[in-house]
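In what follows, subunit A forms one complex with subunit B and a second complex with subunit C.
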Partner chain A sequence: MNKMRFAWNEFNKAPLTAKIGLLIIVVYVFVAIFAPLIAPFGESEIVGRKYLPWSNEFLLGTDNLGRDMFTRIVYGARNTVGIALITTLLAFSLGGIFGIFAAVMGGWTELVLSRVVDILMAIPSLIFSMLLLTIFGTSVISLILIIGVLDSTRVYRLARATSLNIVVMDYIDVARLRGEKIGWIIINEILPNISAPLVAEFGIRFCFVFLTISSLSFLGLGIQPPTADWGGMVRDTADLITFDDYTPLIPAAAIAILTIGVNFVVDWFLQKTSGLKDEL
Partner chain B sequence: MSNILRILFQRLALGLFTLFIVSLIIFMGITLLPGDAAEAMLGQSATPDTVAALRVQLGLDLPPHTRYFNWLLGALQGDFGTSVGSGQQISSLIGTRFANTLFLAIFAATIAVPLALILGILAALYRSSVYDRVVNVVTLASISMPEFFISYILILFVSVKAGWLPSLANVQTGVPFLVRLEMTLLPALALTLMSVAHMMRMTRASIINLLANPYIEMATLKGIKKARIITHHALPNAWAPIVNVIVLNLAYLIVGVVVVEVVFVYPGLGQLLVDSVQRRDLPVVQAACLIFAATYILLNLFADIISIVTNPRLLNPK
Partner chain C sequence: MSSESDPLLLEISDLQVEGFSEDQWHEIVKGVDLTLKRGEVLGLIGESGAGKSTIGMAAMGYAKPGCRIKGGSIKFNGIELTTASEEEKRKLRGSRIAYVAQSAAASFNPAHKIINQFSETVIHHGLGNRKQAYADAKELYRRLKMPEPDQIGFRYPHQVSGGQLQRAMTAMALSCRPDLIIFDEPTTALDVTTQIEVLVTIRDIVRQYNTAAIYISHDLAIVAQMADRIKVLRYGDSVEESATRDMLSNPRENYTKTLWAVRTFKKTVKPPDPQPAALVKVDDITATYPGASLPVLSNVSLEIQRGETVAIVGESGSGKSTLAKVITGLLPQDKGQILYEGVGLSSKYRDRSSYHLQKIQMIYQMADTAMNPRHRVRDILGRPLKFFLNLRGNEKEKRLRELMEMIELDPDKFLDRLPSELSGGEKQRVCIARAIAAQPSFIICDEVTSALDQLVAEGILRLLDRLQQELNLGYMFITHDIATVNAIADKVVVMLQGQVVDQGAKDEVFAPPQHEYTKLLLTSVPEMDPEWMDRVLAERAAKGGMKAAGY
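== the complex of A and B ==
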């Protein structure tokens, strides 16, 4: 109960932007979970003629195949955000584990891992992922694996750099002398001490992954139809823009608003954690 | 001076080594695939004999390391082989497109760089003011937007509603320079909006870091005027980070054009890459990736070198 009150107090002290950000995230999660209840039609159900205007029956009109835009926006919350979240989790586990492991082991392990990461980061990630998507084909699984692995390099760098500061502490030496295993040291001594920067990084990486996947889907190389996905929906309805129609901007705005929300929350979190450091 | 030369040489060697490894990765992609270019070009109905003959003609029967060095040597001389899809020389496909991409990136940079530097330095100088906070929120929001969102907003308002600029930038060769500028202004603006936020935040952060140094505080305590502190104490040390910001941003622009090129139907290298990925035309994908990656790595290398040769501490050894 105390924790709840603490969280509530923190929330009240948060700047307006952070509150807006949190509200946005809550709304998106709600829509994603209850998508089938909110959406009036089926995800890829053809409900009328193509490119119907906005009306009471079809709130945002229909797309290039006559599917209801509003329904697909709602399901997009599930698909696009879900896939981005899984990819971020993958990138995080990979990068985090290898980064902390490299810091604890040191020596050759660290050197080899860091050089591999340097090389992978030398190639611009959108270009690299397009090369890999050509090789492995465009499916959701390969999309998640490719982006996850490529993005884990950035998590690796942060995890390694932050844990290097912890590894030199006396209590790590004590734990080693006590004969604790590497895994135990990582979980019980290092992770709790680097959690603050890692949590902020999770938000930043999610935004990056989310934007990358949306861009790839927009280019037709990401999430494949008929799955409702915001990037692909912009591509499907893009022709309408020349007829002075806002429809293609709606899925694009859905992407932008969530990313802005997450960034606002991360910004607040970063200021809070760095502010604490200043006081010490 | 020998110290600085040694560091430069090390950095150069590291950059070239990275380039070599990256080219190896890009090349290896093709050997991972089931089937090869010969099968892809002839389709499923081809007899084994004709496939074998084409393989010999394309040099695909040679061992991988020979093929790699042939490919790399060819690429260095501008010969990337032939496209699987169209049978055209890749170099002729890529030449003008890469020039177009560079044109767009440089056009965007000439607008974005001065704007970002001015906004960034101002935000750093007036830190925590209302201006700084507003700029922080605005840039954070614009970093969060997907590139196609910004592009379509520009198309809708500037081109469709107002009718000031054309919405498509499908420039052909031989278009007069001014017409070309007009046609590419909208994509250049989209790129500017995307990159200014990044660059500005980086400039702001590096200037703030710099102003936190003890010698700046010392100068302030000595009673030196603010303008003189900036020009004589801060700027000599700021060149490295600022040039770094500019060059990194150029690299970002050249690579980041892919989405913008597709939205505006601009005949650049990015659009060719997207088309080739969809057709799984591997030789073209390889060539485009190699050019993008090489540009990116070389620009980063250039940024490193600039920051070394402008570092006052390295230039004036004790």
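== the complex of A and C ==
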């Protein structure tokens, strides 16, 4: 109860941008969860001729195969956001665990892990992920794994750098001298102290993953048809832009608005935890 | 030095400063009056949080970020600083008013040579060109008795010692021959033997240039050497003010008297055990940090028995804390052995048995970094109880309360607090409780009172002494503060450059000091006597100076 009230107080004090950002995220999550109830048609159901204009029946017209655009935008929230979220979580679990582990262990463990990460980061990530997707095939699983692993390198660096500041603290020595196991130290002593920068990074990283997936889909290597996906939808309907029809901009806007919303919230969070302020 | 007819250089009246924290403004300074004549030195003294530094900064018309000057007037040389424009104040700062901070190391820009940082202010204020500034810097370095005054300025800050850096900072403050210098604890970060030298040079140079100064310190003995007049502050309010000698001989207020009387605690020295059996024995230890070529500790041997306190005394870099690291197993030794109750311990803590990890505990200097800021007191104390003694549920709760009562903190009030909700003394008490929770027989106390105000530190020493008697603990007490040693030690080990130079029962080592270095260390401790510094200097000069002794 107390926590609820605390959260509500914090929310009331939040700047307008943060409130807008939260609202955007809430709307997206709502749409993603209740997609089948909101969408008027099935996800990949062909409901009419192709490239129909906006009308009362087809709110945003139809795409290159005659599927309802509005329906696919709604399902796209589920697919694109869902997959991006899982991928980001994977990147954070991997990068976070290895990053903190490297900082605690030091020595050879840290050296080897850091060099592996350096090698992975040395290759341009979009090209590298396209390469790997071509090798392993473009299933959702391999998409999640490949982008998750590649993005975990960034998380690794952040987790390691922030943990290094904590590892030198006396209370870590105290825990070590007590004979605590590495896992206990990571979870109980280090993680609570680096959670703020990690959460902030989570927001930003989520945007990047989301954009990467959209770009890959646009390039035809991401989420495969007939699954609805915003990046792919921009590509499928791209031709319309030459006929003065703005339909391809709708999925693009869906991507942009969520990115902005998440960043608003992350900025607010950073400000709360580290005192970073834009005004000063 | 100053005659009555002199106009006042600085006149602060009813100064109020506020600080912003936790969404509201708090009063830090509550209406303090202060006057200063040309060439006069005023000592500001008080515990941490008394508002000393805030007043010092306000004398420059400056308030730290997050603070603001709420009311009152600050007149410097007839200029009202509270209403002066930033531009006017900027012209005064550095040229007419200068500031010497506690940590010179943190105040110098590490990327520029010392002399360039000196001349920057001079050139900026248009008081001379680079060449003149260099010449003046060398002159000041000479007057401040820095070694190689013509060359030392061309070094980078990290290439000179802390004492030299503090002098270079004083020289920098003097570069524009200001009317007023504010010294904010300029020697607090220095070793005692260095401190006295810096104090002497600061005092002499301030006299030579007839500069007025505000000398801020928490150490009364030091202020007594430096100031013509002393003002005592507490909680942002002035307690009393009078000439140094009057203040020392005849303090009026009760609070001032307590400041004088803090060094009264003295433990009752136990008679030596007829059959000494060493609890912990450090046997001929030599240790080197990884990657370093020279050992930090060489051939260190000492013994600590149950129920006794062995103080390890030495200046920074003498290897005191490294010794603690070797005993706990954080730094494996190259040679020698640590014995606990006659059993040799593995050199790495990872290879030690849980029993030995439990029996040897440590308390740290900075209680802030010794406790996880995200854990509540209940978790901090509860973990060793569960880990070592396997206590759970009600048993654990009961023991937690016992521990809190042992350290004289109310369990209902404190158990669920975070470290950030505790005062400095309370934090250190919780750290002590954490060590006690493991039921140890040997505790290493590494400068446990250095970061605390004297009254609070005294409370901690009393607590440690009581716990020692109740639990028959052996203490290894690492400190640089001779007063603390006098209060708590049974035996003393004096360390210098990684070696033990002197050890034995406290009275054997200290009264009178036999070893040359012990003597130097003891005579360098400031005493509550305005004549102390001159007396020590005279004595040392008579003996041909300490340089001859080789330190």
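Remarks
We take it that the second predicted complex is superposed on the first by the 275 of 280 C-alpha atoms of A that agree within 3 Å, B and C clash if a C-alpha of one lies under 4 Å from a C-alpha of the other, contacts with A are read in each partner's own complex, and residues count from 1 in each chain.
Note that a contact is a pair of C-beta atoms (placed from the backbone, for glycine too) under 8 Å apart; a residue touches a chain by one contact, two chains touch by 3 or more.
Being a predicted model, the structure only gives us computed values, none of them experimental.
Residue contacts after overlaying the shared chain place A:59 against neither subunit B nor subunit C. In the superposition on chain A, A:179 makes contact with subunit C only, not with subunit B. Of the two partner chains placed around the shared chain by superposition, subunit C is the only one that A:171 touches, whereas subunit B remains out of contact.
When the two complexes are superposed, the chain touching more residues of subunit A, out of subunit B and subunit C, is B. Of the two partner chains placed by superposition, only subunit B is touched by A:128; subunit C is not. When the shared chain is aligned, subunit C comes close enough to touch A:189, but subunit B does not. Contacts of A:97 after superposition on the shared chain: neither subunit B nor subunit C is touched. Across the complex, subunit A is touched by residues 18, 21-22, 25-26, 29-30, 32-33, 136-137, 140-141, 143-149, 152-153, 155-156, 160-161, 167, 251, 255-256, 258-259, 262-263, 273-274, 276-278, 280, 282, 285-286, 288-289, 292-293, 296-297, 300 of subunit B. Residues 17, 118-119, 122-124, 126-128, 130-135, 207, 211, 214-215, 218-221, 231, 234, 238, 241-244, 246, 248-249, 252-253, 255-256, 259-260, 262-264, 267 of subunit A are the ones that touch subunit B when the two sit in their complex. On the subunit C side of its complex with subunit A, the touching residues are 328-330, 349, 352, 354, 357, 362, 364, 366, 369-375, 383-384, 387-388, 434, 438.
The residues of subunit A lying in touch with subunit C in their complex are 169-171, 173-174, 176-180, 188-189, 192-193.
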